[in-house]
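The structures come next, written out as structure tokens.
Note that subunit A is present in both complexes that follow, paired respectively with subunit B and with subunit C.
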Partner chain A sequence: MTRIEFWQGNTACAEGALAAGCRFFGGYPITPSTEVAEHMAVKLPKKNGIFIQMEDEIASIASVIGASWTGARAMTATSGPGFSLMMENIGFAAMTETPCVIVNVQRGGPSTGQPTMGAQGDMMQCRFGSHGDYSIIALCPASVQEMYELTAKAFNLADEYRVPVFLMADEVVGHMREKIVIPDSVPYVSRKALVKGTLPFKADSDLIPGFPQFGKGYGVHVTGLTHDERGYPCATNPKLHEALVMRLVDKIESARHKIADYEILNPDAEEVFIAYGAPVRTVQQLMHDQQDKTLGFLRIRTVWPFPEFALKEFKNARRFLVPEMNLGQIAREIERHVQVPVVSLPKLGGDLHTPAELLTALEAR
Partner chain B sequence: MSFEDWYRQDRLPHIFCAGCGNGTIINCTLAAIEQMAWKKEETVFVSGIGCSSRAPGYIAADSLHTTHGRAIAFATGVKLANPELNVVVFTGDGDLAAIGGNHFIHGCRRNIDITVICMNNQIYGMTGGQGSPTTPLGCFSSTTPFGCAEAPFDLCELAIAAGANYVSRWTSYHVKELEKAVYAGLQTPGFSFIEALVQCPTAFGRRNKFKQVGDQVDYLRTHSMLKAKHDRLLEQGEHIPPDMFVVGELVRRNRPVPGVKI
Partner chain C sequence: MRHEVRFSGFGGQGIILSAVILGRAAVMHDNKFAVQTQVYGPEARGGASMSAVIIDDAPILYPKVATPDIYVIMSQEGFEKYGAGAGENAVMLVDSTLVYSRPKCRCIEIPATREAKQTLGRDIVANIVMLGALVASTHVVSEAALEKAILDSVPKGTEALNQKAMKKGIELAGAAPGGQKA
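Entry: the complex of A and B
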């Protein structure tokens, strides 16, 4: 039986994780994500799980990665400054192909910035924040319902692709309260186990190696150094390094179509809005107010890997308008893929775009 | 099983320099683990970055070679998520006391049931010999060319103050004592910390008037003072030369140990 609740976004995130079987949370208090940790602190012990408040965000993500190697579904939640601290170990997770879920309830930056105000300023950081080349998956919820569903989905993607998956929420969605329908269960994709006797970092045809869980007799060596298929350090072989990094990138990029999650409204429109996260709500309001089929809308839930093929579905598009709570981080990504003008509609400070602001942008031709 | 079975033979030769003390510490640790009759499939080795942190790569069990300074935080996740696993951390003075200092004291405070073995060579060996938080006053390194001007950490005092359940210090000279100490550490529930001072001929010895590997090992031998003697001298108000360091079992206690089985 489904049930209906009236929840805060951060509560829905924690509950989505629990429904997905998350059994380890390592975190550190930071506004505006703290409610995720607080909810997990109450709920996890009752589900035989582990909640631990670590000494900082570096340790939080480290404990999550350690827990993941024992086979547990593990997550952390943070915001801007904590997210910055996590970057090195996020690269470690990408390099060692450790499934983990990182929730970033974004707030205004740079630095301490606006702890209680929403922003989307970390969209590029989650994609490129750690050093070196790699690929990750990032989801952007626009409602309390999606805080639940996309968090659960993040665990499946992390386990399927053996990659850090980000839930790039924002303060607006994290702290708003609205109606949510709780399903009986959420879809579950398990981690592919390593076949005994095969090399631990030798990928299958899907470019993803089986997971050699600690404590199962694999005797696997896991290192952040460039490693061969045995998992052994091999840091000075240029070809081996290139092949490893290319595989880490390709296993995500080649699955872009499969990972992609987006919605298209009025594909024949000439004027097309593109949004993710909280600004989705303003565009929806505008579309609702206008009742105008000449307005198109691409609403993206998986921002990374970026589903550029979705842009091609707007064959008559003459302009893409991109409201973001940053200075056009994803607008720039869209520009790379289209020939028509891309109008970035940045808004900083924490307030959502108003429908009137979007209308003004639409009318300014 | 012989303790040699704990090594990944296909990983040899190792990267340690000729005369390095790290191998001695790994041997002592594996001998102690062998005594515990732990199985490979229920033992996990975790490390950070540095010479010491390469140790897990040579051991034929599950091993996690992580980022600089963070080994204890990773190990905390491993142990809490699966308390059935025996978790041993190899670290060095730079990894543990500089970049990882916060994780070290919080590991001790939390008293998670892991054993941390620090190979203290008093210098950054892997990067070519820079001063570390345990480089003694006046000692030379590539970043203390006029002699180290900062006082070093006493890692064991730090662990004791922060709450570790078991703390001892030995050197690469004291092979039997070290093995016993590691064994005691592995047996003690909670956070066990064993500091093993090691010679580093390549980065430390050659800059600090130890012409032969044996010279530095001999220095470690002659400058270690048993805890009992140290306490007696202290009680009698006698002078203890500042270049002497205490060896032996420094703490064994029973602070509560967290850990909920998943």
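Entry: the complex of A and C
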């Protein structure tokens, strides 16, 4: 039986994680993500899970990586300042192919910025924030319902692709309360287990190695150094390094179509809005109010890997308008892929774009 | 029918809880849609606090309140910051114990903090008095839904006190000029 709740986005995030089988949370409280940790602190012990408040965010993500190697579904939740601290170990998770879920309820930055106000300023940091080349997956919820569903989905993607998956929420969706329909269960994708006798970092044709769980008879060396298929450091062989990094990138980029989650409204339109996260709600309101078939909308749930092929579905597009609560981070990404003008509609300060503001931008031709 | 309700007062009065209870009443007990949002700073206790609820029969797209049609104002600073700009067609409930300004729109004066303290013995339930008055004078949710939402939101052991506070609010709205539903 499904049931109805009136929940805050951060509560829905924690409940979505629990429904997906998350049994480890390591974190350090920070506004506007704290309610995720609070909820996990209450609920996890009752499900024989572990909640641990670490000394900082560096240790938090480290604890999550460790927990994941024991086979647990593990997550942390933070905001900008904590996210910055996590960057080094996020690269470690990418290099060691550790499934984990990192929630960033974005607030105004840089630095400690605006703790209680919404922003989307960490979209590029989540893609490129750790050093070196790698790929990750990032999801952007636009409602309390999606805080639940996309958190649950993040665990499946993390386990399927052995990669850190980011829930890039924002203060608006994290703190708002609204109606949510809780499903009986959520889809579950298991981690592919390592076949005994196979080298632990030898990938299959999908470019993903099976996972050797600690405590199940495997002795595995897990290192952030460039490693061979045994997991042993091998940091001076140019070919081996190139092959490893290319595999880490390609296992995600070659699955872009499969990972992509987006919706298209009015594909014949000439004027097309593109949004992710909270600004989706403003565009939805504008579309509803205008009832104009010449107005298109691409709403993206998986911002990374960026589904650039979706842009091509708007064959008549003359202009893309991109409202973001940052200075055009994804507008710039879109610009790389299209020939027509991309109009960035940035909004800083913490408030969500209003429908009137988008209408003004639309009318300024 | 879409209603946008804005609550303001000072941190500690339960302004955010009021909005959560109202949204909960609409969604959980009146089978409607609601979105609750809030504005607060890191230093909010004592400062002006604001919370808002949108209630609608249809799903709510834009989640922020743009032009409230109902105000519940519980402090003078809250009035100045979040109530003074109320449109002429709005209706405003003020806690007349703490707010001395009056808006241009229809205004219902509820001495919530005084009554909470003198009649109920706890000024902490003034927000629930205001909620009772709000629902009696606007019917934005049903009284039954509000009562259920109050009971599943307040701390255990305080149910009777909060029920009394809600009834007191309904009674005060009935007695206040303009307090009956138009």
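Everything below uses one rule, namely that the second predicted complex is superposed on the first by the 365 of 365 C-alpha atoms of A that agree within 3 Å, B and C clash if a C-alpha of one lies under 4 Å from a C-alpha of the other, contacts with A are read in each partner's own complex, and residues count from 1 in each chain.
Following the convention adopted for this analysis, a residue touches a chain if its C-beta (ideal position, glycine included) is under 8 Å from a C-beta of that chain, and two chains touch if they have at least 3 such contacts.
Bear in mind the structure is a predicted one, so any value in this text is a computation, not a measurement.
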- [ ] Overlay done on subunit A, so just call it for subunit B and subunit C: clash or fit.
- [x] fit
Open item on the list: Contacts for A:307 in the overlay, against subunit B (first) and subunit C (second): which applies, first, second, both or neither?
Closed with: neither
- [ ] Could you look at A:176 and tell me whether it touches subunit B, subunit C, both or neither (first, second, both, neither)?
- [x] second
Open item on the list: Output check: A:4 vs subunit B and subunit C. Expected answer is one of first, second, both, neither. What do you get?
Closed with: second
Task: Superposed arrangement, angle subtended at the Cα centre of subunit A by subunit B and subunit C, nearest 10 degrees - done: 110
Open item on the list: For A:80 in the superposed arrangement: first (subunit B), second (subunit C), both or neither?
Closed with: neither
Open item on the list: Quick check on the superposed model: minimum Cα to Cα separation from subunit B to subunit C, whole Å please.
Closed with: 27
TODO: Could you give the residue numbers on subunit A that contact subunit B in one complex and subunit C in the other?
DONE: none
Task: Residues of subunit A defined as touching subunit C within the complex - done: 4-6, 31, 115-116, 172, 175-179, 278, 281-282, 284-285, 288, 351-352, 354-355
Open item on the list: With touch defined as at the start, can you tell me which subunit A residues reach subunit B in the complex?
Closed with: 23-24, 26, 45, 48-50, 52, 54-56, 58-60, 62-72, 74, 88-89, 92, 212, 214-225, 230, 232-233
Task: Of subunit B, residues touching subunit A in the complex - done: 8, 10-11, 40-42, 44, 46, 56-57, 60-67, 70, 73-82, 84-85, 102-103, 106, 260-262
TODO: Can you check the complex and tell me which residues of subunit C touch subunit A?
DONE: 20, 23-24, 27-28, 33-42, 60-64, 66
